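In structure tokens below, several structures.
Look at the two complexes coming up: chain A is in both, with chain B in one and chain C in the other.
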Partner chain A sequence: MSSRILPDFELLLPQSVPEAVELLAAHRDRITVMAGGTDVMVAMKFAQSPAQLPDYLMSLEHVPGLAYVLFDPDKGLRIGAKATIAELLAQAEVKQHYRALWNAARTFATVQVRNTATVLGNLLRASPAGDCSCAIYAIGGTVALQGPAGRREVDIDDFWLSYGVTARRPDELAVELILPPPAAGSRCAFKRMTRTNEDLAKLNVAVRLEMAGNTCVDARLAMGCVAPTPLRLTKTETLLKGRELTAEVLQSVAASVPWEIDPIDDKRSTAEYRRQVSGVLLKRAIQEACGAA
Partner chain B sequence: MNRETIVGTSAPRVDVRDKATGQALYAADIDLPGMLYGKVVRCWEHAHARVVRLDLSAAAKSPGVVRVLGPQDVTANRYNSSVLDLMVSEQMHDMLGDIEDQRIFTDHVKFQGDAICGIIAKSEEAAERAAAKVIVEYEPLPVYLTADASKQPDAIRFTPEKPGNLAFQLPEPMFPGHALGGGDVEAAMRDADLVVEDVFYVPKQKQCQMEPHAYIAKLDSTGRLNCWTSSQMPKLVQAKLAKLFGLPMSLVKVTPTVIGGGFGTRLGLISEPQACAMAMSVPGHAVKLLTLREEDWVISPSRHPGKYWMKIGFRKDGTPLACDARFENYKGGYYLDASGTAFTAGAWLGGMYKFPALRYKGESYFTNQGLTGAYRGYGNPQTNFVLEQLIDRACAQMGADPVEWRKQWHKGVGDDGWCPGVTYPSCALDECLDRGAAAIGWSEKRRQYAHQSGTVRRGVGVAVMNHTSGAMPMLLEHTACTVKLNEDATAEILFACSDMGQGSHTALKQIAAETLGFPFDHVQLSSGTSDVAGFDIGAHASRTIYVGGAAVKKACEDVRRQLLERAGRHLQVSPDELDIRDKRIFVKADPARAIEAETITRAGVYHFIDPATGQAGGEPGQIQGYVSFFAPHNSPPFGASFAEVEVDTETGEVRVLELVNAHDIGRAINPAAVEGQLEGGIQQGLGFVLSEEMYYDGNGRILNNSFTDYKMFGPSDMPKITTILVEDPDPVGPFGAKSVGESGLVSPVGAVANAIFNAIGIQFTEAPITPEKVLKGILEQGVRDYGSIGGAH
Partner chain C sequence: MKNRDITLHINGEECRLNVAVNRTLLEVLRDQLGMTETKYGCGTGECGACTVLLEDGKAINSCLTLAATMDGKRITTAAGLSDFGRVNHIQQAFIDEAAIQCGYCTPGMVLKTASLLATNRDPSDEEIRHALEGNICRCTGYEKIVKAVRKAARTMPAPAACGAETCTEVAQ
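For the complex of A and B:
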């Protein structure tokens, strides 16, 4: 049961990244960081016990310089911690070079949520259903974390540790996400299944393929809602690498997926169904990636 | 040609400006001086339990708390939050076995969310904080979620009056063998060449009205209990509250507030008893009681789910011989309208086709699910899902065209409607079927979709329905209406029945203006408070225009007659020779001979003696009209829906491409409002058949009481919609109108299910038909060409 009132907390409003890091270092696990607030506010209203509630809420509202989406053909895409889904969608280069992410962002939640939810917030929520998370996982990239000892970058492959848990240390602030520059022959796609259009995914998938003609040189396949965190389909990837994308290859790829995932029954679907359609959805994403090139 | 100038036009809705600009005052928006805030403490941990300890001491000391109330601090009287018991005679009430089994605060939790105690505090926040300090210890009891579980001999009784936890079955004296219908079903089935039979599950659907339930109550200095509520039935709420608290009705005042959607959930009481009990403990203070969305979801009644078995026998040539059916619905923990849906689901079944033999049994069993009661359609979508799929199964096997079969065998004028002995006065279902079929391209698409290949298959389906206009003769159909003319010949109409947002008050104003011969804006209509409004049973059973409109028309005719009589004396002609247009009363044969209505009304109110002549001008007396109206019929509307769907056979996903709703509504008083009703009905019908269902964990705790977890169709999910208004004026209804409030929801249910059948050759017996179920069906049975089934063509 939710509540009409927010529980008591102390609001922290740092004016800079260093100050935010200082506050994190001082309060560590007792602090919850908020940018868009679309997850934090809901979680606080639905908290079942005081133990789930933070003592401090640190809003990034007054921290300058984090609301950017910057594209450089040589260096890639940099997305600041405060950049919203809507701001991401407004960038033509995202649509052009990172189609999987753009498509994930386009169907992400609702207009109202897209206007305030942040891309990094979606990663930090560490939900297996995150649409942007799924797309970013396939594209690859690094999350930059600023801590008392300085900045470090964590590969997205190492970012999600378990449900709701990331590699971010309690005294670190996630400041930006860096996606690799577009490569020739690189194609990506995102697809998801929902109960109605405005819904959380019951299954989502994203692919990034490095193609030479009709041959797949390299592949990154990510799937959501089938494990405690977004999942890389590394075994299935090996079935694609070095292969020409024939109907037979696609069939074997689709058949491999159910063996690599570990879905559950929940409010949105069943483990059985997710297994049944996982290969179909992946196959369609691969076809879309190739067709959309 | 219709001679009306206001009826039949899409006059702008009277409530729309306030609602669109945020100026409408819902109960939650109303603030009174010195207002306090109530909070009901509910049991969220268990669906079935006894309270073994309730400790309110810590909550009482919480900052800002004014009073805490346990079961001992409020009346011990029991109540029934539904209103069906007020709408039947005492003998009928006893025969049906209606009971009062609810308490304001309980020590026997019968569903998750049952009310335990109450907090009154100076702020909503203080009340909620105090609520968290209430200590309740429970003894968990076995949880029964289905009829099969609760009817077991060793199951705990929900209430002593109901052995076997059978809340209701059709009563023997009225329904021999506890069955509705007639004829020898067994014998007829033996003669059948084809029998179709299956067991279905129909889902528990939530109304999802936009406004969460909110109330204000106050015991004022004169000892009157005041209650502000958005109930669909303000006058019956007044009667219910008076009985519950042992007060004369003169000491209970109900003020209806703007309703943010009803769809049946606001039939009767919801939390008015708790709000009023709180207010009575703090005389002089208004108490506002708000509910959270997730709370609203479980404490207000939803649609009855359950198991629905049906068997139909046919002769080879398609002649239907017999229908045998049994709907076992899963009530929540309390009785409410256990008798209603169990009966009506069978009534709509009986009203649809010419079955020479019919036997329908309806039973309601207590369960530990959330409450069930009225939801738009009231048993009809459940029957539609079952009946219309079995008809199509038979059509496929007999090689009959589903449209042609329905045209041949549906009931019509002169046949018994849903209530035996009350015959249909009008029926334009054939025209609905013809125009709907043309709109969707039925014949061509059925041919085209009989044989398909590939992973995406399309299908078209049809379903029909009958409904009702008011609940006569099953329930009381009584409504009073008063019309008062102001001195400037404008009219003020008092009619207690609420406008839930469906456009009813707009259409009623049109009926009034048309009858009076006044411009639309010279007529005002309001529900008033219980102090001033006459009796009315409320907005339910699709009655507001058919019954309420007839009452408004009669009261306005009373006023019109008085105006014409005075005008006749002035013009020295018989009133019969007069007519009124735009407030001008004229001789029909000589329109130049006329008098303005205002001349009459002004003279009636400002009745002065002319000092020069010593004579008064005109006739004295303010003109008022009144009627206490009992509906003479229930003129059922009919409808035909056509759906086109696309099924992805690799994922089981169903996309509705188009839905055509062709309805026999008699006459559209306000065509735009009628279209709106049919469109809104489609949205809820699609939810029933494809996406909506409340469900519980094994302990009876709901898993999806929020818009995050419960999915209704949103704007972007909706298909192309075509509504067809078939206007064949009914001989009884006002200006020929029949109802449209509920009926639009019903037949889209069967039409979509049948379109899926046409697309992949598989029928689904459990609603909603989710992709999970479709894919399972495909994997188990394989996609079949519809054209390959039986003798289908």
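For the complex of A and C:
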């Protein structure tokens, strides 16, 4: 029974990462972290039972030093836990070297939401529809988590465990995301289907291809809205590796996708429709990646 | 904490407040301060009726913002666009182009126009539509709103050569 009214909670406003980690350790499963709050606030307003509500809400508003987007040609891209989608879009290097992520950010929601929502919040929400999540899955990367015992890094391939659940432990704060440095033959692209731009995706896809001429040396393909978490299309990837990207190869790649995904019917689309268009959307993303150079 | 003392600088005025931590900025503006120019549409970030500008002109949804986290921040509402009670060039453009029917979306629309024009003085129609994506209008069909934004861009005062505080236009 949602009222769209915020329930009662205690607000915690830590001033540093160590203080935030202490609070997480003290309150564990009774606390929710809030970065931009665009998911957290909506979830609290729509809560169906008191059991879904946290006793403590910990806002990162006063934690300094986490709002960075830093590019280094040798080390890659580091995105701090408080960096917003708008701040990501403002970085010319993101557009140049991480085009899939830049396109996911550009088509993401609305100006107001982009000004508030964080890139890491998108990963931590662990929604199968997350646009930045899809792009980052294809690009590859690691999430840095800070806990009472120190820092550890989790590969994005091991990050999402099930719907809404990540490898983050209750006493860990996500502090940054690290994307690999751009490689010479690397090409990437992101595409999504929505009813209107501000709506969540009914299907999204991102690709990263390592090309030598017209031959695909390696591929990472990610698709969203087709499983409980963002999905790597590992079987379809094998159809690309070591192949020249001819029309026939692209056709076989597109034909393989519906067999590898497990979509559901929901208010944004049907499972059948998602299956029908999935291969075409992937094919177009591959073509865009190769054309974009 | 369940309540928090905060200071907001709203349309240039300092407001010291004690707010319940589960109150949104929208609720504080409307219910605690009586500033009803900021509208409640959906409460979930989709319609843009609750748009306010933060600090240097960043548009945000006040329905998704906790007032208690906004201590010390500068906030502009639609009323803050006018100069001493006189509508500004954006508001005038919306009047001139009849880009208002029921008016519910208008405060959000004029603020979004202000934030767009602050970074892009001559936006194309496509850029205008992309910028206004977070603001829903159920009445006008958007054509007149896009026209009003174009007119607002044409009638925008030239940027002041001096700092805003010492600028004669503001001082007059």
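Quick notes on this structure:
Keep this in mind: the second predicted complex is superposed on the first by the 290 of 293 C-alpha atoms of A that agree within 3 Å, B and C clash if a C-alpha of one lies under 4 Å from a C-alpha of the other, contacts with A are read in each partner's own complex, and residues count from 1 in each chain.
We adopt the following convention: a residue touches a chain if its C-beta (ideal position, glycine included) is under 8 Å from a C-beta of that chain, and two chains touch if they have at least 3 such contacts.
Bear in mind that the values here come from a model prediction, so they are computed numbers and not experimental data.
In the superposed model, A:249 lies in contact with neither chain B nor chain C.
Of the two partner chains placed around the shared chain by superposition, neither chain B nor chain C is touched by A:43. Of the two partner chains placed by superposition, A:89 touches none, neither chain B nor chain C. Of the two partner chains placed around the shared chain by superposition, chain C is the only one that A:115 touches, whereas chain B remains out of contact. In the superposed model, C is the one of chain B and chain C that contacts more residues of chain A. In the superposition on chain A, A:198 contacts both chain B and chain C. Of the two partner chains placed by the overlay, chain B and chain C both lie in contact with A:4.
Contacts of A:61 after superposition: chain C is touched, whereas chain B is not reached. Taken together, the two complexes place residues 4, 196-198 of chain A in contact with chain B and also with chain C.
Within the complex, the chain A residues that touch chain B are 1-5, 193, 195-200, 267-270, 272-273, 276-277, 280-281. Here chain B touches chain A in the complex through residues 44, 124-125, 128-129, 290, 292-295, 650-653, 691, 703-704, 708-709, 711-714, 716-717, 770-772, 775-776, 779, going by the rule given at the top.
Chain A contributes residues 4, 6-13, 37-38, 41-42, 45-46, 57, 59, 61, 86, 109-113, 115-116, 196-198 to its touches with chain C in the complex. Contacts from chain C toward chain A in the complex involve residues 1-2, 4, 21-24, 43-46, 48, 51, 54, 58-61, 64-66, 68-69, 112, 115, 130-131, 133-135.
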